[in-house]
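As written, the chains take the letters A, B and C, and residue 1 is the first residue of each chain.
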Amino acid sequence: RRGEMAKSTQLIDNEVFRAYATYTAIVLLKMMLMSLITAYFRITRKAFVNPEDTASFGKGESAKKFLRTDPDVERARRGHLNDLENIVPFVGIGLLYALSGPELSTALLHFRIFTGARIFHTFAYLIPLPQPGRGLSWAVGYSVTFSMAYKVLKTAWLL
Amino acid sequence: RRGEMAKSTQLIDNEVFRAYATYTAIVLLKMMLMSLITAYFRITRKAFVNPEDTASFGKGESAKKFLRTDPDVERARRGHLNDLENIVPFVGIGLLYALSGPELSTALLHFRIFTGARIFHTFAYLIPLPQPGRGLSWAVGYSVTFSMAYKVLKTAWLL
Amino acid sequence: RRGEMAKSTQLIDNEVFRAYATYTAIVLLKMMLMSLITAYFRITRKAFVNPEDTASFGKGESAKKFLRTDPDVERARRGHLNDLENIVPFVGIGLLYALSGPELSTALLHFRIFTGARIFHTFAYLIPLPQPGRGLSWAVGYSVTFSMAYKVLKTAWLL
């Protein structure tokens, strides 16, 4: 019996945990996508930060002019950092929330709204959409994480 | 029996895990608060980075002057990034530590000191307090995470 | 029996989870090391960002000249941010992957390649090595995380 448990298949058999795993993988992959978007803008705009990254463009002054900032690169980087600031709390608090025994339908509501809000946020940042589009999508994701944290603290509270 | 386990209520019934959940939720909420502090300084100091964020202040040159950096905004942003750099390892290593079977009292000691140190660090950064206040609070949190990592590696070591 | 389970020693008894715990602790410690490297360069290059950090170098103008950026400090900071962008997804997706029931040998392969790639990436960034060394090590770590996310989504998929 012990050996069976040690397979630790319990969590992944639990529906709320499966939903958590699915949405967490999706938002983390979305966050990873920001690296590719930044790289795309760095290459197409020829805007780099490390001298060794421009070596293939020639030597000396001819390469140095590509060590510069570009508005599109900086915008993608800000979107990436905003993802880190918001998706890290979702992943951490969401795990504890999934283990705190919520109803599947309530949990799905939280995960779906957060994921939708963060995908919208990325489009709003990169296009960019006029405010308050980006601001609202940020606030929606923030509120979902806050709501999950409330459930975690209500269930687990032990200071 | 299987169905019962699949509720995955075991972890949240465990006292060390409940303590981990409580302190992790608190430090992640504290980190999320940095977003609000940055937004507060951006709005009161009128210092923005995205052109679409200043559209409500008028068009053209009158809005452009608000695309600037402000010392208070930058300070809040540095505090936020320092939280990411230190709270992410705490959340990740702390989870493994909580699952490695420590004594409740030892675990609480780790979680309480880390959480206290990071809350002090935020005040030290934002007020700002003279050094070495901020530096020491950073070192205390860092050492707690290091101590938990040692316990994790001692218990779990499998390369 | 319930009480026994509540000790939550199951996960840490599982070999895949032990391997996950070991490699996650290692890469998070490696990421934490970037703070010390940045601090080392700030002190030896005398390049600080907070006025209160330069107070020990004297008052007024004599201290102000140390509020500056330094190429080595900025390089270490970029390496640290790149770690956050890549190690956070590894830790989050890796946990779900470890719980999705992979073969131990397959899991070890993923964890070992990721950890090796990220350690190489740090050396490639700090030395710095000529490209495409750093770029390739980044891509290897990225691909490993992607492969684990595929397994997680295949096992857990519940939208």
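Everything that follows uses one rule, which is that a residue touches a chain if its C-beta (ideal position, glycine included) is under 8 Å from a C-beta of that chain, and two chains touch if they have at least 3 such contacts.
All figures in this text were calculated on a predicted structure; none of them were measured in a lab.
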Self-contact between copies chain A and chain C, residue sets same or different by half: different
Rotational angle, Cα trace of chain A fitted to chain B, multiple of 5°: 120
Chain centre separation (chain A, chain C; CA means) in Å: 16
Residues of chain B engaged with two or more neighbouring chains: 5, 10-11, 17, 84, 88, 95
Residue ranges of chain B in contact with chain C within the complex: 5, 10-11, 13-14, 16-17, 75, 78, 84-86, 88-89, 92-93, 95-96, 98-101, 128-131, 134, 142, 145-146, 149, 152-153, 155-159
Complex contact set, residues of chain C against chain B: 5-12, 15, 17-19, 21-22, 24-26, 28-29, 31-32, 34-35, 49-50, 52-53, 55-56, 80, 84, 87-88, 91, 95, 112
